[in-house]
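In the two complexes that follow, chain A is the common piece, with chain B as its partner first and chain C second.
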Partner chain A sequence: MRIVDALLRLLIFPGLVYALPAAWLMVWVERKLTARLQRRIGPPFFQPFFDFVKLLAKRPVSRPPLQGLVMTALPILATAAVLGALTLLPVFAGGGFSGDLVLLASLLEVPALCAVLGGFASRSLYGELGATREAVLSVAYSLPFLASLVALAAAAHTLELTTLLSRPLWAVRAPALVALALCLPVKLRINPFSVANAEQEIYAGPTTEFEGPRLALWELAHGLEWVVLTGLWATLAFPVVRFAWPLRVVVFIAISFAAAAVITAVAAATARLKPVQAARVYWQWGMLVAVVALILAMALY
Partner chain B sequence: MALFDSLIRTARRRSPWLFHLNAGSCNGCDIELVACLGPRFDVEQLGIRLEGSPRHADIIVVSGPVTRTTRPAVETIYAQVPDPKVVVALGSCPASCNVFAGSPTIEGPLDRVIPVDVYVPGCPPRPDAIIAGIAEAIGILVSGRSAHERLTQRRAEEPAADGRGRRPGANAPRSGHPDGAP
Partner chain C sequence: MERHVSIFTVVSRNLRRQAVTLRFPDRPTPDRAFRGSVSIDTAKCLTCGICDYVCVSGAIGVKADENGMDWRYEPGRCTFCGRCVDHCPGEALAQEADTVRAYARSGELSKHVKVDYPGCPQCGRPSRPLSERLLAKAYGEASDELRRRALLCQRCRLREAQRVLLNGRGRSAELATAVDRSVQADELGAAGAEPANDAPGGTAPLADGGDDGP
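Let's turn to the complex of A and B:
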């Protein structure tokens, strides 16, 4: 029963059958909304899907065997990790286990780690520059991101997501959600924290040297990251576990897309920060909010 | 399989990504190309994106008469773009060297360095002309009969027949109407 349950989550909801179209839809929403805010018309509805198919159909560049292997394995690993994280999202009650919060947080770190390794494996100057920036930012945002998750877990005295969500704890949850929301744009590498992939500035950052199918997998992992990060924020902000099942799914999807739209609007309205400034945002303001959440968790619960 | 092929063709038609290569251009054509991305023309409607890395590109847009310094860069970047790929010569310079013709520092026109598929004449060309040229390039990309593909086919047919003194783009037929050389 548990295996069937886990497979359903991985393959159907919130796994592949939901996440794949949702990833393309969210990337389309991002590009379309940005275009509309810039008074452009923007890409057609199926654009992310066609981009993906076209990239898959490009002929790969021949590389030294080991480099080719590493550069293929890393985007696959990133995609798989994000899919695993999606499976753990607490949309349904039950099926969780003690410690799934830890697993979720670590799986969410894998794409950034893969991007860093991929940037260096590609041996491109711009790839290495992007990878360095990705690593610096990852150190910067991980602190408030993990601290707010720790605050939530400490307040609820559990490491299981569904139990954690079944308690109200709004005094801790509100600052933790603010800190998490601050971390979403940098994890998605969009403005004002598009420091790592800085288009036009360092070409395409860690993915500069990736072509065809390998790039398609990176784009897919990026789309899935949109789904899982907005989804995680949605489940933490509105504990949908308590709703009846069709309503629960609808609310989850609606909040995910609303969060994506807000992040996109902020991205369209802002310019890129310097790496130093971006790191400072997380170590000062992000950490401040997360520490408030931690102190409240220790004091109140 | 037929369905698969038609899906790939549709995807190629609807998602052409550009790489812009400045081979000693005066910046006139470059500004006009960037104008295509703005609110007035907005080529993102056609799925077109200007990519920073040649590895991500389908269509290489080259502006400028190829100068002696940029020639190695043009050759390297052309080799870096994965197949299938199409080359668009943007403006009069890559077509005929324009006012720079005869200069000792110029190695153009572009088709003496790499095979060219589409010429967009003008100094600089208007954004509508650029979009028309890119649309023609998309057609060539989808048909799979770009100058690069024909060249690789011909090379496969006559292996090492005359490897000496033959420039890669010398026999590439032109589909546009370049300005006459001054």
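Let's turn to the complex of A and C:
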């Protein structure tokens, strides 16, 4: 039964069947909303999907065997890790296991790690520069990101997501959600924290040298990251715990897309920060909120 | 005027407004003074062909025949330099305030305009008139009589010359005969007959007479 349950989650919801269209839809929402906020028309509805198919159909550049292998394996690993993280999202009650919060947090770190490795593996100056920035920033944002998750776990006295969500704990959840929301733009590499991929400034950062199917997989991983990160935030922000499952799904999707729209609007209205400034935001303000959540968790629960 | 506008004001205003981007067939309206494709006013055209001569990119081609001139313009080759408009003696050419649209096949936008020669006021045959500017260059201040003669066809002009010469002014009758022969040769040529091959015939004596003068 556990296997069937896990497979259903991986393949259907919130896994592949939901996540693939949702990823393309979310990327479209981001691009379309950004365009409208900048008084442009923006891409048509199917554009992210067309982009993906077109990239897949391109012939990959021939590279030295090991480099080609690494550059193919890294985006696949990133995509697989994000899909795994999606499977763990506690949209439904039950089905979790002890310690899945730790697994979820570590799987969410994998795309950033892959981007760093991919940037260096591509042997491109811009790729290496972007990879360095990604590494520096991931050190900066991981601190408040993990601290807020630890605060939630400490307040609930559990590392199991569904149990964690079944307790209200709003005194801790509210600051933790703020800290997590602060981490979403940098994990998605959009303004004002688009430091790592810094389009135009350092071309595309870590993915500069990637092409064709390899780039398609990166784009897919990025789209899925949108789904999983807004989805994680959405599950933690569920106002009521005991909903029937169809309502839970609807609320989950609604909050996911609303969160995506809000961070897109913020991205459209802000300019890119310098790496030092971006890191400082997380070390100072991110940590401040996360520490508040931690102290409240220790003091109240 | 506002000195500080919040970015959120700008962004929310943008969301309410329509996008400034235009879908493909639509194009932004160019400025009134925009110098785009060349158009011709056949009423003002003097059929001189200077536009063809000065065109740097070969976008304008002029082909003259008996009754008029075929003016060809290919916007796809045009560099919109405006030399033709600059040099046009009759101010018949102008540049429209419109961009040239994209085209799929070469020569797709090509324009052909037929400019008819005006009829000779005396005999009615189509003839290419002399421009005011050319008259001014040749005679300085042109009299009304000269302007009238400039409109005549070549044949009528020669007849006029013959009449003037025969009316005296102390010129020889021999010269008048030469003019008469020249008119005859012109008529033969116009009728499609072989050109007169006798050396002293044609217009040559008239030219010789002019050269021998001083």
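For the reader, a short list of remarks on this structure follows.
What we mean here is this: the second predicted complex is superposed on the first by the 298 of 301 C-alpha atoms of A that agree within 3 Å, B and C clash if a C-alpha of one lies under 4 Å from a C-alpha of the other, contacts with A are read in each partner's own complex, and residues count from 1 in each chain.
The criterion applied here is as follows: a residue touches a chain if its C-beta (ideal position, glycine included) is under 8 Å from a C-beta of that chain, and two chains touch if they have at least 3 such contacts.
Please read all numbers here as calculations on a predicted model, not as lab measurements.
In the superposition on chain A, contact is made by A:E211 with chain B only, not with chain C. Contacts of A:V53 after superposition on the shared chain: chain B is touched, whereas chain C is not.
Of the two partner chains placed around the shared chain by superposition, chain C is the only one that A:A265 touches, whereas chain B remains out of contact.
When the two complexes are overlaid on their common chain A, residue A:R36 makes contact with chain C while staying clear of chain B.
Taking chain A as the reference, the larger set of touched residues comes from B, when chain B and chain C are compared. In the superposition on chain A, no contact is made by A:P275 with either chain B or chain C. Residue overlap on chain A between its contacts with chain B in one complex and with chain C in the other: 35, 38-42. Against chain C, in their complex, chain A makes its touches with residues 35-42, 265, 268-270. Residues 31, 35, 38-44, 46-47, 49-54, 57-61, 126, 199-200, 202-204, 207-212, 215 of chain A are the ones that touch chain B when the two sit in their complex.
Interface residues of chain B facing chain A in the complex, by the touch rule stated above, are 7-8, 10-12, 14-15, 38-39, 42, 44-45, 47, 51-53, 55-56, 58, 80, 82-84. Interface residues of chain C, counted against chain A in their complex, comprise 7-8, 10-11, 14-15, 17, 19-21, 23.
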